[in-house]
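Got a structure for you, questions after.
Chain nomenclature is as follows: A, B and C, assigned in order of appearance, with residue numbering initiated at 1 for each chain independently.
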Amino acid sequence: MRDIESLEKLSIDPTEQVKTDDDMALPIPAAVKNGAAFSVESNRNSRRRVLVSKAFYYLCFGVSLISIVILVVLLASILVQGHTRLTPSLLTNAHSTSEPAESGMLPAILGSLAICAVCALSALPIGIGTAIFLEEFQPTTPWLRRLHGFLSLNIANLAGVPSIVYGLLGLSLFVFMFNAFGQIRVNETSGIELVGVERYYQVLTMAGGGNSALIRQTDPAQPTIVVTESIEAVDRQGEGFTLEVWDPKSGRAKPTDPEVLRRTVRKGQSGGAYAKTSWYYFRLPFGRSFLAAGLTLALVILPIVIIASQEALRSVPPSLREAAYGLGATKWQTVRSVSLPAAMPGIMTGAILAMGRAIGEAAPILVVLGATVAKNSGPQNLMDTVVTMPVLIFHWAGDPKVTYQQLAAAAIIVLLLVLLVMNALAIYLRHRFRTE
Amino acid sequence: MPQSASVTNAPFHGESPSSESAPEVCVKIANFNAWYDSFQAIHDLSLDILRNQVTAFIGPSGCGKSTLLRWVNRMNDIVPTAQCTGSLRINDVEVLSPSTDVVHLRRQVGMVFQKPNPFPKSIYENVAFAPRLHLKLRRGELDELVEWALRKAAVWDEVKDRLNAPAFGLSGGQQQRLCIARAIAIGPELLLMDEPCSALDPASTLAIEDLIYELREQYTIVMVTHNMQQASRCSDQTAFFFEGRLIESGATDDVFTKPQQKRTDDYVRGRFG
Amino acid sequence: MIAVLAMCAFATIAITLGIVVMLVTESWHFFNSQYVSVRDFLTGTQWTALQSKSIEDAKFGIWPLLSGTFRVTSIAMLIALPSGLITAIYLSEFASPKVRATLKPALEVIAGIPTVVLGYFAVLVISPSLQWLTNGGFDAFNATSAGIAVGILCLPMVCSLSEDALHAVPRSLREGAFGLGCTPLETATRVVVPAALSGIVSAFLLAFSRAIGETMVVALAAGTQATYTMDPRAQSQTMTGFIVEMIKSENEYGTVQYYSLYGVAVTLFVITFGMTLVGQLVRRRYRETYA
């Protein structure tokens, strides 16, 4: 059994073998002997230290409780302030300056959801793609390694950029597009319109009662039209007809048939610009639209999505990937059929948490869309402006009227409930993916 | 394996500690059981550990030897699920009682771990760490103590010129000897070593083994090891554990050359484990 | 496929470049104006971009906004750093699984609360409480209540980043300390915290940078007066607060006053980016230590 000889033949590092027998004989210094026999009784020193340690434990516990206390106080105060305004009208009405008590947040809810959708559709693919690039394609050369390090440092730094700076970037990049396509001004220019809009002049016909005809706008620089002769027009349903002109000075009798009246205008009748937009109305630059706001929020959450996805991919055991490679799968096949599915729960959780962050962000939206909350509906087309829940809350919370203060609290409750639902969804998804 | 045969020995059991010639018992373990949650890690174990001798605990992994070691200085107190019953007396003082001051106990029972774990501080600060906590020493006394401990751990000559350098800069073997110096700097009675060489290369291992063998003149040493050659090289007593039970214990030579139990025989011959 | 993924990754660099280009070009309109001198901007102690009637009287000295930011941030850090670190120590060193299971979700919920909600909380609860406690010694809008709310907001961040750092300290070091007869307090403060120090420092820096860039809380609770003072009871418009105020005001796009917000944004970006960068570099170093 004993094979000391064989071990002794091993080459031995001389530095590991320095030893003098004199050292071994050194007696234990009096300082540590302390003259005491073995005991497990506490002495003065240990008793004091254990007491201090106990005190520290309770300090830690107390300080940790603070966060729970804060949470409870916060939720309770908001509930107390807002519960009286948790009415159906809160969910069905829009903001109203004339009747504060009847104000609601329906447009804000729709707006938040719309922005969130844009945000998810743009941030998730780019974010997950970046994470896959960084995690699955590990650098092989020193130069690539440096690039990899630079990329991840840059992403970490982006995560630390204040969201309001992203708002300013969104303002320049999406709203104005660095003025490359001209500035959008109300009733003057509307940038370069690509698709989804038909511009008309709206002219009141002689039928009265709000009956109007639409005349196609040919010169975008001309904001109004004066009708002096017959012209091709369409009605609200899009049916084309020739718009007749009746000149009172001509002496012709005023038509009486309602059908005719509907197709006739008084000579010299003027009409203003009217834009008929489809939901896919698209123009450059985006102007103060929910598309611009959603893309701006995507910038804000992109680093969060990337970092969460990276962590999820990193937690996939390497053995899974090696198994796939061992079966002859290519890199991309491995990513698609092994790494991504295995990392999906983590990615989804991160994505939903990021969306929660996006729904609660107010600063970038304020910068991109302005502080206005006067909007009666959700977005009608891609270029439509919206109100979001946090901006509405900001507006209400900043208003000295008690009613608005209470409405702000009620809106906060709704916002927190939405976040709660999202978090529950994250937990559910994580759970479902895990059990599968 | 019948329960009664689980303790085949304790050869010095009952021998008078005052006897000059026979080694005296330092740690006396009796009817000891230990659990992690509902898993019983040690079954009814009794064993005597002799003063100024190196006792090796051997056995396959999961056999309870580390668990037992970690109960000697109550390290398992920091594991919330760990529990035990029975008696464990050091110098005739019961260690397992709830009133035991573990801070004071651990000062007298040094421990060295599997992987060298120097603190991320300088070499000097590592050794001075425990004396600073437990003793009020003047600067000069502390310097002397640090030098003594480093000399005792046979690492002084290698580090004396860079006492303020970070301990992470040392080689694995040097780090482990530094950890031994750190443990003895507070003057323990007993040194517990949990596989002290398992993370080291053969050369460093030999250096540590030599050191362990030398240290037993002033300390009682208990060493857990996976390595039977190591147990045979540097221990005086060997205890063989299997599935939470003490199968056999006695003088190292006896256990290795003429084991009483078949299982011990199989294990030391390398048939399992 | 890899080309598409690489493009995604490089988009992140494009974003950084976009921010820099945007800030430089837009703030150029401000710094290049005849009413603004860079020297006055960097040394001036009056900021009246929104208050002055005409551009001739407007004073563009960044220090009132910096002092406002500094006041709010210091108060926030006074709250978030100690309590965040202590909570992290508690979670990583002491807490039983049961306590953890309550405390961690609570912290996560706080981390997930939109900042505008905390701003509202500051106005609704913190500020009136301060006024009540001091018999009206505080302005209705003041640096302290905003600071406290920002502190609450940073607490979970400090806590989770510090806890990560404490977790990265190998268990063997704790056992080593306990084995030498350390009490739990000594183990935590003399071994674990020093070993995790760089991670904790980085957590502090990142939280600091977050507090400086926090917008909605200060927009609601810190007031709209840019004051150059150290008095935590006074109104204190911060850099971010000014940007929001300018966006909300009816100031015409293209005026010098409007562009002054980009001058402020450059300052804000340089400070926060610098702190985040240092924080990240420190964080990387400690990660390598225990990798």
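In this text, contacts are C-beta pairs under 8 Å (C-beta built on N, C-alpha and C of every residue); 3 or more make two chains touch, one makes a residue touch a chain.
Keep in mind that what you see is a predicted model, and the values were worked out from it rather than measured.
Between A-B and B-C, more contacting C-beta pairs join the chains of A-B.
Centrality by C-alpha centroid: the chain sitting nearest the overall protein C-alpha mean is C. Rounded to whole angstrom, the centroid-to-centroid distance between chain A and chain C, based on C-alpha atoms, equals 20 Å. Each chain gets one centre point, the mean of its Cα atoms, and the points for chain A and chain B are 58 Å apart. If you average the CA atoms of chain B and of chain C, the two centres end up 50 Å from each other. In chain A, the residues touching two or more other chains are 46, 49-50.
Counting partner chains per residue, chain C has residues 181, 183, 186 touching two or more of them.
For chain B, the set of residues touching two or more other chains reads 103-105, 107, 133-134, 186. In the complex of the two chains, the chain B residues touching chain C come out as 73, 75, 78, 80, 102-107, 110-111, 113-115, 117-121, 129-130, 133-134, 179, 182-183, 186.
Residues of chain C touching chain B in their complex: 96, 170, 172-183, 186, 190-191, 194-195, 289. On the side of chain A, the complex with chain B involves touching residues 1-4, 7-8, 10-13, 15-20, 23-24, 26, 28-29, 31-34, 37-43, 45-47, 49-50. Chain A meets chain C in the complex at residues 46, 49-50, 52-53, 56-57, 59-61, 63-64, 66-68, 70-71, 73-74, 77-78, 81, 125-127, 129-130, 132-134, 137, 151, 153-166, 168-169, 172-173, 178, 299, 302-303, 306, 332, 353, 356-357, 359-363, 366-367, 370-371, 390, 393-394, 397-398, 405, 408-409, 412, 415-416, 419, 423. Those residues of chain C lying in contact with chain A across their complex are 1-2, 4-6, 8-13, 15-16, 18-19, 22-23, 25-26, 82-83, 86-87, 89-91, 94-95, 99, 102-103, 106-107, 109-110, 112-121, 123-125, 152, 155-156, 159, 181, 183-186, 188, 206, 209-210, 212-216, 219-220, 240, 243-244, 247-248, 261-262, 265, 268-269, 272-273, 275-277, 279-281, 283-284.
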